[in-house]
Each structure stands twice: as C-alpha cells, then as structure tokens.
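Shared between the two complexes below is chain A, which pairs with chain B and chain C, respectively.
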Partner chain A sequence: MKTQIANKLKIVSTKLKPILAKSKSVIIAIFIKIKPLVEALFAALLGFAIGAVLMLLWKFDPIKAYSALFQGAIGNFDAIARAVGCLFQEGIEACKASGVIYGIYDIALTLTNATPLILTGLAFAIGIRAGLFNIGAEGQVYMGAMAAVAASLFSLPPGLHVFVSILFAMIAGALWSLPVGLLKATRGVHEVISTIMLNWVARFLVYFLVATALVDPVRAEKSIGVAPTARLLPFPTTDLTLALVISILFALIVYWILWHTTLGYEIRSVGLNPDASRYGGIKPTRTMVSSFVLGGFAAGLAGACQVLGRPPTYALYQDLSNVMSLGFDGIAVALIGRNHPIGIIGAAIFMGGLSAGSNNMQINAQVPLEMTRVVQGAIILALAVPEILKIFPALLGAVVKLFSLLRQFFQRIRMRRIKRTTS
Partner chain B sequence: MQECVIDFFGFVGLLSVSFVDLLRLALIAMVPITLTSIGEVFTEKSGIVNIGLEGILLMSAFIALWAGEVSSSPWIGLLAGLGTGALIGLLHGIISITLKGDQVISGIGINLFALGFVAFGIMAVWHTAGYHQAPAAARIPALHTPLGEISPLIPATLLIAVLTWYLLNKTVLGLRVKAVGENPEATDVAGISVERTRFFATIYGASLAGLAGAYLSIDWLSTITKELSAGRGFIALANVVFSGLNPLLALLGGFLFGIFDTLALWLDTVHELKPCLPFGFHNFVKMLPYLATLIVVAVAIGHARFPKHSGQPYRRE
Partner chain C sequence: MSETLAVQMQTIEKTYPDGTVALKGVNFDLRRGEIHGLLGENGAGKSTLTKILSGLLKPTQGHMLINGQPRHFRNPADALRSGIGMVHQHFALVPTFTALENILLGQEGSRLFSSLNLNKARKHVETVMQEGGLSVPLDAITESLAVGVQQRVEIIKMLYRAVDILILDEPTAVLTPIEVHDFFKTLRVLRDASKSIIIITHKLKEILDVTDRVTVLRQGHNAGQIETKDATPGILARMMVGHDVLPSIEKTPAQPGAPILKISNLSVTDPSGFRSIENLSLEVHAGEILGIAGVEGNGQTELVEAITGLRERESGDIIVNGSNIAGLGPRQLYQRGLAHVPEDRRRIGMVLDFSLSENSILGIHREKRFKGFWGKILWGKVGEHTRELIKKFSIVASDVKVPARSLSGGNQQKLVCAREFDKNPSLVVAAQLTRGLDIQATQYIRDQLVRLRDQGKAVLLVSADLEEIFQLSDRIAVIYEGKFMGIAKPEELDRERIGLMMGGVNAPATPVGGAAR
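Let's look at the complex of A and B:
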C-alpha cells in the first residue's frame, strides 16, 4: 500500500517537474518584464522614507505632510467621481453652475504639470537609448518656447497658427541640439559638456530676445502674449489644454519610432554597443545625430506646450521662470520612467503630482514645498545604483553572516566553559 | 533717449578708471569657480566625473553658515563646509565606485537633493523663507593688504591651485591618480588599489567644492539663499573642460569667468555707456565664456586630453 502511494507520488512529481520548471521560467520572465517598475517603486519608497526621516529630524509630521501632498496632487476621489459623472450626464455648463466640476481641479493641475515633463523626459530618454547623455533639454526648451512666442509676430488663421507655432518650436529645439550631435560625431566633444554650454548660451540669448525683440510694450516683465489664434484653449475651470493630448501622442510616436522602425532599431543598437552596430552596417555617428534631433523636437515641443497651452500666462516671463528647470526635471522623469515612453508618462504624472501637491503641503502641514525636491533627489540617487533590488540579498547575506559570527562566538564561549568544567 | 557720446578711446578711459576695482571684483568672483574646478580636475583625472558640484556648493554653504552661527566661529564653519563636501564626495564615491553606479545620474541626484535640502533646511532652522543673513561672528575676517581688504581665501585659492598641480604632476600619488584614470587594469595589476585611489580623488575634489561653498555663505555673499550657488557648479564644469584638466589653467579660466561676470555687471551700471550699447548687451558678455569654451573644446582640444576611462566604473575580472 505504502509503496504504491510512494510510486504514484513519484510519477506525479516527475510529471510536475517540467511544469514547475516552466512556470519558474515564466515567473522569472515576468519579473524581468516588471523589474524596472519594481525598481522605480522601490526607489520612490526609499525617497519618501528619506524625506520622512528628514522631517522627523526637524520635528515636522511626515504623515500629515504626505497626506497633504497626496490631497493636493489628486484631491478627493469622491469629488472626482462626482465631477466626471456630472460631466457625462449634465454637461459642462450645469456642472460649472453647481460647482461640482471643481472636484477635478487638483488632478487636472497634476496633469498640467506633467504635460511638458513627458516631453523633456522623452528628450533625455531618446538620448539614453542611443547611449548619450543629452542634458541639453533645458536650453532646447527655452529656444522652443521663444520660437513659439515669436510665431505670434505673424497673423495666421486659427488652426494653422497653432500648427506653425508648434513647428517653429520643434525646429528651434532641434536646431539647438543639432550642434551637440555634430560636435560629438565629428570632433568627439562629449555631449554633457556641449549641452551645458549650449544651455547657458540659450538662456542668455532668450533673456536678450524676450527683453528686446519680443518684449511686451505694456508689461516689460513679459514677452508679447501668444496670439489668440495660436493658443491651445483650456478645459473649463482647469489649466488643462490640448497640450496634454499632444504630449501623450508624441510619447506614443516615440515608442513607435524606437521599437517599430529602422531608425529606432539603429538607435537602440548603437546605445547597446556602437562597435557591434558599426560592424553590422549601422553608421553610429549618423544615428547619434538623428537621436539628438529627435530629442530636440521633443524638448522644443515642451517649450511650445508651456507657452501655447498653459493658461493664464500665454507668454514667456523675462526671467524665464515659467520654463525654468523643465529640462532638468525631465531627466528625473526619464530615470524614474526607466527611459521607456510609457513609463515616462507615468513618471511625469508622478512628478507633476509632487509639484502640484507641494503647495498644499506647505499650506496645510507647514512643510516647505522644496521637500519634494529632497524626495526626488533621493529617488534619483537610488536609481543611479544598478540593480538596486540586489540590496535585499546583500542585506540578507550580511544578516546571515552576522548571525553565523555570533553563533561562532557563543559556541567558543560554551566550549571554553565546558573545558573549564571538565578540567 | 540720450545720445551716445563715448567713442572707443572714451570707453578705454572709463575702463581704466575702474580697472583696479574690476580686477579686485574679478578676483573675488573667481574663488568659488576656481576652487571647485581645481577639485573637479583632480577628480576627473582619476576617471570619476562628478556633475553634482552645484549641489555640493549649495549644501556646504548651508552647513557652513549653520555651523558657523551655532559655534560663532567662522573657522568651524569653514571646516564644516569642507566636511560636508567630503561627505558628499564619499556618497558619490560609494555610488559610483563601490556600487558601480552611473556617475552622471548620481551627480544629478546630488544636485536635486541639495536644492531641496537647503530650501527645506533654511525654513526648518531659521524659520524664514529662503533667505538668511550670516551674523558677523560667523564671517571670515578679511586680510589687510596693500590691495585693500581681501578674503584670506583668495591667496589660499592660488596656493591650492599650485599645490594641486604639484600633487598631480610631481608626486607618486598624482601619478597613481592619473594612472587609475588612464588604465585601471594595469594600475590594479601593479598593486595599486583602484578603488582607494579613486575614493581619495573624489573626496579631495568634493572637499574643495565644499570649501568654495563655505566661501560663498560665510565670506563673500555672507548669506544663504535657495539659489546661492547660481549655476557656479556648472560654470566650474565648463571651466574644467576649458582648462583641459590642468589646475593652473583652471586658475586662469576661473579668473576669465570672473572677469566676464564682473564686466557684464559693470556694463550695466556705467551710466554714460547705456546709450552706446544695444539694450540687453550684457547678456552677450555673459554668454561669451560659454561660447569660448565650446569653441576651444571643439576646435583645439577635442576629447584627447581626457582620461581614457573617464566615467566608467572599474570591475576586476
């Protein structure tokens, strides 16, 4: 009887073995797929934890701060649901009259903040995919925004004017990143160096242009306003405009280019191994230049979105404060989004939420709004470490080692005691 | 609108009148950029790139002022700034040397973290929004010299530049640092610890940036603000490239950046010059050093003078 059962078990186990092995490989495959996401989530958790420690050190209440942050970034789920329901049933005017529509205000602000960050994140990510550190999005955003404003010097019919403005901005962004690619390809100038220089040159150039050729004759602290025909009009009661749709569309286009076209294949191939790519018939220098141009398009478009589609300003401030640091934040977005267009959309919404919620945190929890920068910085530092998740096995190993050392120590003491009693 | 009455010689005359003043201001403005870039030159020679200089400047400026105020001693403040720089250098080293992480990303993280930490810290420590004046007790006393009162850190910068040049080119340590940047495998085989040498170079460079940060907050500007460093860390990076990794040329480059900065300010303040120059002309003066660096790098230097293994972590096989 017993042997029969044992035999049957053996048969079952031999049958199960390949299935188990297969499922194990499937689990590993799934884990590899979602690993970037897990890493990003872990880094975010670590960032919030470090922020909380700092707040505790200075006697702020982290729970209160983070709940205020969340409130400011998303708002009340109930109110959002009611506003969306009302929009579908009664239409915009009725919801506006009853005030129900204000439920989506917070989350709309988050999405508005996310709009340009998606694009600057893409600008950095395209570079990384080609093995390049394109930190020049900052300057390209200035140039794009300036060009989009400059397009309002002409008068054109409504639909065409928006199109021309965006085109101007994208070309300006690409023109500002083209020299980086050319210098890299022909002279071997490192892109980090040339982009830092060009960021500064762009800054002073746009300072100059906003103060002279594009200055608002009535209000000197601003550039001329974008012509009404070139504006992207907002969704009622929010700052959300068509710009969000444009940037998400652009992200999808970048995804398509990277994974479904020859150019994208070449970019990724050069990023992984330029020597092997050259051997395979790809021209790495040409690919690098095209990835810079593509990144410049994205960054220029971000500048355009910020001036054409961000009410109520519709202009460039003379100190560029409404386009400042978008490029640098884009780097953080790309890193958190693991340089994948879809991940970048998520990461941009996360970062947009941080900046949207930080005001509420400052008002309701008295925690300075720059706290969110600390969180971001800690996240980036964690993501700089390759295989951050390996920290767990490493920690486990350290703990096991500690235990074994302790056990050895106690054993030695016991041995000594036994020796003493026997002798 | 006023008519322009100044010709070229008039301009030269105006310039020569305030020449000594401009020179002095340029020397003052030179210190943070130069100190930071000399440190970064040393770090980059070992193959480690640290673009977190801006963050180090800001962070050490904050800590130096805080420590100086608490202890009411500028020297303790100065040491605290130095120590903050060294600690951040250690962090950058742990990420990029021990854990073999990406150096550029680590630097970006440091910059972001410092930006938040300092703004948060000013609010948390002094309960003011983004601005605090250094008390007189925490300020570094000036030296009395024939040139007028100058900060002791100005001669110190000159000394450090020469010292770093000597260290890099005339000592065994300097040879090791350069070897580690050029060919870590061979250096390792020769029995020199690649990790330890790179750690030393990274911490040395970051400490100098920390010193520069302390100079900003408890000497030159005597305040701490959220944007105290104002891009000087990035200017220092530009200067490092300009110098082609030579500490003495970094001194010269820092002085040039200082001169252009003060010149741009000066052009804006001289009343008689205003109608002669196009409006907003100072922007072009400020742009000049960056354009010059870009052109110098593109035409003359290229990538030849950088260590072969710049920016790459070393893995022993």
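Let's look at the complex of A and C:
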C-alpha cells in the first residue's frame, strides 16, 4: 500500500517537474513583460503626488481636483456599464432616446483625443528604434492633413474616397520625411536640424494652401470641408470615429514590422548598434531612410485622422489649430510608452484622458488652466523620465562633441595667430 | 623589513551586487620602494583588488592599512589624498587638450573661476618630470601623441598629485616592445625614488623582468607570493592556473590545398589620409591557418576590414574563391563563403541588447530558411537554429530569448564563433579570437578553429597574442606599420626573433616571403 502511494507520488512528481519548470519560465517571462507596466504605475503615482503637493502649496484641493480629472477622463463607471449594456440589449436608437448613452461621453472624448497621439507617438518611436531623433512628425501631420483635404477635390464613391484620402495623407507624410532621411544618409545632416526646418516650411506651406487653393469660398477661416464620401462618421452622441480603430491597427502593424520582419530587425539593429549592423550586412543609411518613411506614414495618417475623422470640423482651420502640436505631444507619448507600439497605445489614451480631464478640472474644481498644465507636466515628466535617461547619454555625447569641435576651432585660430606673430 | 609597509590589505572580501563573489579573503601587502606584480588570469580578482585599493570599490569585508594607518576610502579622490593613484588601461585623457592641460586637469585650483597660473604650474610639472626621469612634450595635443607617451602623461599626472603608491592596470598591453623597454626603465627610476608600484599583468615575462615581488591570485584567493628572484615562469604559471599551463592543442600537420584568399599589392588609406596598409600581398590556402602576428595598430584592423567588405581599398586586388571582391559589401561576401569573427565581439560581433536568437542570425537574417511571406522572420526556425548552436558549442545560457549582454564574455564569443563557423564558410577571417577569455573557453574555441582547418577551410587569424599565433598557425606573417616583416613557418621562428620583427627590426636569419611554402 505504502509503496504504491510512493510510486504514484513519484510518477506524479516526475510528470509535474517539467510543468513546474515551464511555468517558472513563463512566470519570469510574464514578470519581464509587466515590469515596465509596474514601473509606469509607480511613476504615475509619483507624478500625481508631485502634482498634489504643488496644488496644496497654492491652496487648491487636490482630492477635488483629481476626482474632477478622473470624471472628465473616464466618467462614471456605472453610467458606462449601463450605456454599454443598453447598447447591446436595446440598440442605439432606444439608448439615445432614454439618454443612457451619454454615459460613454467622457471616455469617448479621451479616446478621440488619443487617436492622433497614437500615430504621432509611433512616428517618433520608429525613429528612436532606428537610433534617430525624428521630431519632424509635427510638419508631416500638417502635410498629411492638407493632402487628405486635397483629396476631396475629386469625387469618388464612398469608402474608396476614404481610402484614397488616407493614402494621399500617408504619402504626403512620407514625402515630407524622405528628404530628412536622404540628407542624413548622403550629406550627414543631423535629423534634428532638418526636421525642425521642414516643420516650419510645412507650416507656412499649409497656411498658404489653406488660404489659397484649398480655401472654403464661404468661410475663409478654414479650408474646404472634406467631401461627405470621404468622412469617417462618428459614433452617435460622441466624436469617436473609425479613426481610432485605424490608428490602433496601424500600431499593431508597426509592432509586427518591428519585431517580426527583416526590415524591423534591421531597424532595431541599426538603432542599437550601427557598427554591428554594418558587420551584419545591413546598410545603416538605407535602413534609416526606411524608418523615416515609415514614421512619415504614421504622422501623415495622424493628419488624415484629424480631418477625416474628427467631427464636427472635417476641415483644416486656417491657423491649423486642429492639427497643431500633435507631433510634439507624440514625443511625450512615445517616451511614456517606452517607444513600444503597445505601450504607446496605452500612453496615448492616458494623455488623451489627461487633457480631457484637465478641462473638467478647470470647470468643476476651479483649478486655473496654468495649474492644470503644471500638474499635467509633473505627471508626464515622471512617466517619461526612464526613457529620457536612456536618451540622455546620446544627447550628452552630442554636446561634448560640439564642445570639442569648438575647442579645436579656437585652437586653430590661436595657432594661426601664433604663426602670424612669429613670422 | 622593520619599516612600515606602504599598503597592507587583510582578508579582503568583495561580493558584487549581482551576487558574484570576486574576492574571498585576500591578503596583500606592498613595501615602500618596490615594484610589485599582481598576476592572475581573467576573473582572478586583480582588478577588483586594485579598485578597492584605489577607492573605486568598497570591500564587503576586511580592512586596509596605508602606511600603518587604517583607512576607508569613499571614492578615488579620497585614495588620491592618501597618495594612491591608479592608471587605467584606457586612459582618462581629454584627446583635444594639451599634455600639460591634461596633467593639470582637476587641479586648477579649488575655486570655480580662479585663474590658472600656468607658468607656475608648468614649472612644478617640469620638476616632477625631472625627478621621475620622465619627459613629454607638454604643449602637444594629446591625441597626436603615441600611446606610450600618453601613458607617460598619465603617470606624470599621478606624480603631480603627489602619489607615492602607483597602480598600473595592464600597462604594457598597448605598447610596442621598444616602448615596453623604456617604460620599465621609468618604473625602475620611480622605484629608486622610493615610490611603490603595483603592476597588474598576465604576462609572465614582464613580471620576471621588472618586478621585485609577485602576488598571484586565483579565483579570488591568494595563490601565492614570491620574491621575483626566486621565481621561474614555471612556478608562476603553476600558481596562476593551478595546473600546468595551456595543454597544447592536438594538431596534425596542415594539408594546404588551392588558394582561397589571394591579396595582391593591397593599400588602404584612412579618411584622414594615413596609409595603414601598404602594398601588401598574401595567400591563404584551403586547409591552413595563416596567423598574422603584430602589435595592435599596425594595420591589422584595416586589413581585416578590407577583406570583409567593411572598408574601401585604395589599390590592389582581393580575390576570394577566384573572384575579385572589389565593391562587394559584407552580405554579398557572406554569400560567397566568408565567415568573419571580428576583433571586438561586444562592439561589432553582436548587438548586446538583442536576444541570443536575434544575434544568431546577424548577417544571415535575410537567408531563405528564416524567411516567410512579406519579409516575416520565422522566429520558430531561428530559435531552433539558436538552440542547435548553443548545443553544438556548449554555450551556457538559460534561454534563447535572454539578451546577449547577460552572457559571460566567453559565451558571447562562443556565440559569435558558433554563428560564423556554422555558415559552412570556405574562408574564415578571425581577429583576436580569444581575447579576454578564460582558459576553458580559449581552448574550446581554438579547437574549433583547428577543426575547421581540418575540414579544408582557409583560415586567416589575426592576433596580438603570440601564444595563440604559435599554437594555431601553420604559417606566421608578422605585420609592422602596414607591411609584412616576413612570412615563415612557426618552427622557423622563435619568440625573440618574432618580437624583434613586431618592433620593426628586420630579423634576416628567417627566410622571408614566399619561401615558407
């Protein structure tokens, strides 16, 4: 009897062993995967704490402010649950009639805000993965939005028109990114310089086009509206459109490209170690150009989403206010999301919520705009610090390089002066 | 020995934060006015011990007496104040500063904007140089100075800071034989000026040449201490390794076949205009290992890069398997049967932040066997390939998904070698194949290289390690300033002659050129 049990136990334990070993490695793998998430959570808490201290210092009630922030960003969980339940059981029309559907209004606003940020975040992250500091998304967004509007000059059947407009926008974004890559590859022009310059060129070019070729004949403060056939229609009672799905899909595609294709392998390899990449038969310059183009696609698409999928405007304002600063916000999103497509989706939603909620913070907690900005800044900074630290050595290197160049320059002058005085 | 010792370290233990135990109760003492050799293999604990002495690391346990006084150093500046200074293997000099500026750096005066009295400082530095019998051109830009001179700048820097205990980490690794000779002379002068010097090395000959006493470490323990006059290479080697050194590699005589690599009149010029390879010709045949010996920086890197498609030639032809490789990049060359083990595995041979899988396909990542639709990489197949390499080369790794950075140096190099040797190449170019590896890994990788040769591959081996060159090569070429001083079979060469040739001295007794075939 005893031996039987012992034998059984032995069998069970031998069977369990590989399973245990496997589950151990799985647990470790999961831990590695969620570690950034845990870190981000702590960073966010730290940011909120700093914000709270700042508000206390200026005699605002942080609890009231943060609950307003939360309200504005997400809303009421009950209301959301009721709205979703209603949508499934009774259909849209009935929910609209009873008003239950308004429960999703706040969270929908957050997601609407997040949509373009996902894409501009990707544009920056793809650059970083290739070792590039691409801050040109801003200008590429303008160009993309402009091209998407311009596509409405044609008349095409619905569906196809959306597709063509998006294609226009992506190509425009990529075309605005391509010279940066080519200049870097052939002439060694630093991408930070060329993208900043191209951002301004794009800005004034689009100002000009919106005021001339694309101007709305009736209302001069904006461009012509996007043709109804090219519009993405909002979900009832919200501003949320298919653009969100498109941008999440694009993020997944970028993820797939970066980690599951040869191109992505080469991009990441060049970003981590250009010397080893050259040794591995990869041409760093060519890879950099591809990453610029890929980033341009993302930024152009962001522009398209802002004009095709953002009711009620469906146009470009002449001052570009509905596409302004998305590219730069994308940098923060990418840093918070650790330059990972999936992280970026989360980070963009977080940022979207932060800006939706801070409006509510102003209205319902009487925290002035300046203070909400400060609090926002504290939170974003706390979240972005790990990535900033990662980039820091490269920036420091650039500064050191600059100084040594200056030094050599002055030395040369000094030598020349000595030569002149001696001869 | 009635006088107090300069340094006394007692039962020093050091555990790194990651759990590695580097020192397990080491005792060390240093007399005044002696040159003390610290000998040991990689990982024996030499660096850790000296880093503790110079204030870079804090010991987990144990105490130190400096000139009889107990001391705890919080940082290197603390140690410097007690008169202890270390010259690292990689110099801490600002390349664009003059030598004088580098010597004064950090000592300009304590206040932020206090003006630097250059003339006074210069006089001080000059007296320091005189006392130490050292001289450097003080106004020359540091990066324009030879490595040996830069090293002197570092030493003067220490002396200027009134250091009387000087620690030198692998000081001769970067020097030519002639520079080493001068350097040793300097050390003796300093010793006679009653400075105490610790010199870290793994070269037995240098220990015997210059030191007064030797402490040998092995795996974090004291393996012995001996007056140099009582030591022989055999004794030291036994202390260091625990058993007799370097079991020789079993190697049958080479059976060279057709020439695989043929270089004629190759010249390579840097972007800066410096001609690093001049009119060089060589042939490597199937089934032989051609070793290129020489002090580093004599054109080896450039030669290897030219052959492996990483550098433009200026003139001359490189022919691999009968076809000229002008204008071909690394990938085309790999397709034509080249395998390349680069000299710096961490910087060039692999992407440290990539996983083992990702590293195992670097350079072959576009091959059909790993590729699916739309440029998809079949990670499943890559993983299989990696596991196979890990098994074949007995690489110690927990998983194929861990970053290459997490492997030890030996396993990293094994991975690079595994990837390259597994390509079934016809030509293998390997540079500094076993640098910095422990004896086991070294033996293993060298064995594999000989096995490749026996399979009829042509092997070009570049190494600064003479041991390696002699052990593996079927023919040896000595390179000096981008030219061959001669090509000969190993049995026709002895160490002294090769040493002379590496230093640029012609050694005419050796048959030169093609005669060695």
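We take it that the second predicted complex is superposed on the first by the 336 of 423 C-alpha atoms of A that agree within 3 Å, B and C clash if a C-alpha of one lies under 4 Å from a C-alpha of the other, contacts with A are read in each partner's own complex, and residues count from 1 in each chain.
Keep this in mind: contacts are C-beta pairs under 8 Å (C-beta built on N, C-alpha and C of every residue); 3 or more make two chains touch, one makes a residue touch a chain.
Computed from a predicted structure; not experimentally measured.
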By the touch definition at the top of the document, which applies to A:386: first (chain B), second (chain C), both, or neither? first
Report for A:404: first if it touches chain B alone, second if chain C alone, otherwise both or neither. second
Which partner chains sit in contact with A:332 here, chain B, chain C, both or neither? Use first/second/both/neither. first
Counting only touches as set out at the top, which of chain B and chain C does A:187 meet: first, second, both, neither? first
Looking at A:371, would you say it contacts chain B, chain C, both, or neither? Reply first, second, both or neither. first
First, second, both or neither for A:272, with chain B first and chain C second: second
I want to verify the contact counts: of chain B and chain C, which reaches more residues of chain A? B
For chain B, which residues count as touching chain A in their complex? 49, 51, 55, 91, 95-96, 99-102, 104-106, 108-121, 123-125, 129, 226, 231, 234, 237-238, 241, 278-280, 283-284, 286-287, 290-291, 293-294, 297-299, 302-303, 306
Residues of chain A defined as touching chain C within the complex: 25, 29, 260-263, 265-266, 268-269, 272-273, 275-283, 404, 407-408, 411
Show which residues of chain A lie in contact with chain B when the two form their complex. 54, 58, 60, 133, 135, 183, 187-190, 192-194, 196-201, 204-205, 207-208, 211-212, 328, 331-332, 335, 367-368, 370-386
Note which residues of chain C are touching chain A in the complex, please. 95-96, 141, 308, 310, 329-332, 334, 340, 342, 347-354, 358, 362-363, 365-366, 371, 374-377, 379, 399, 401
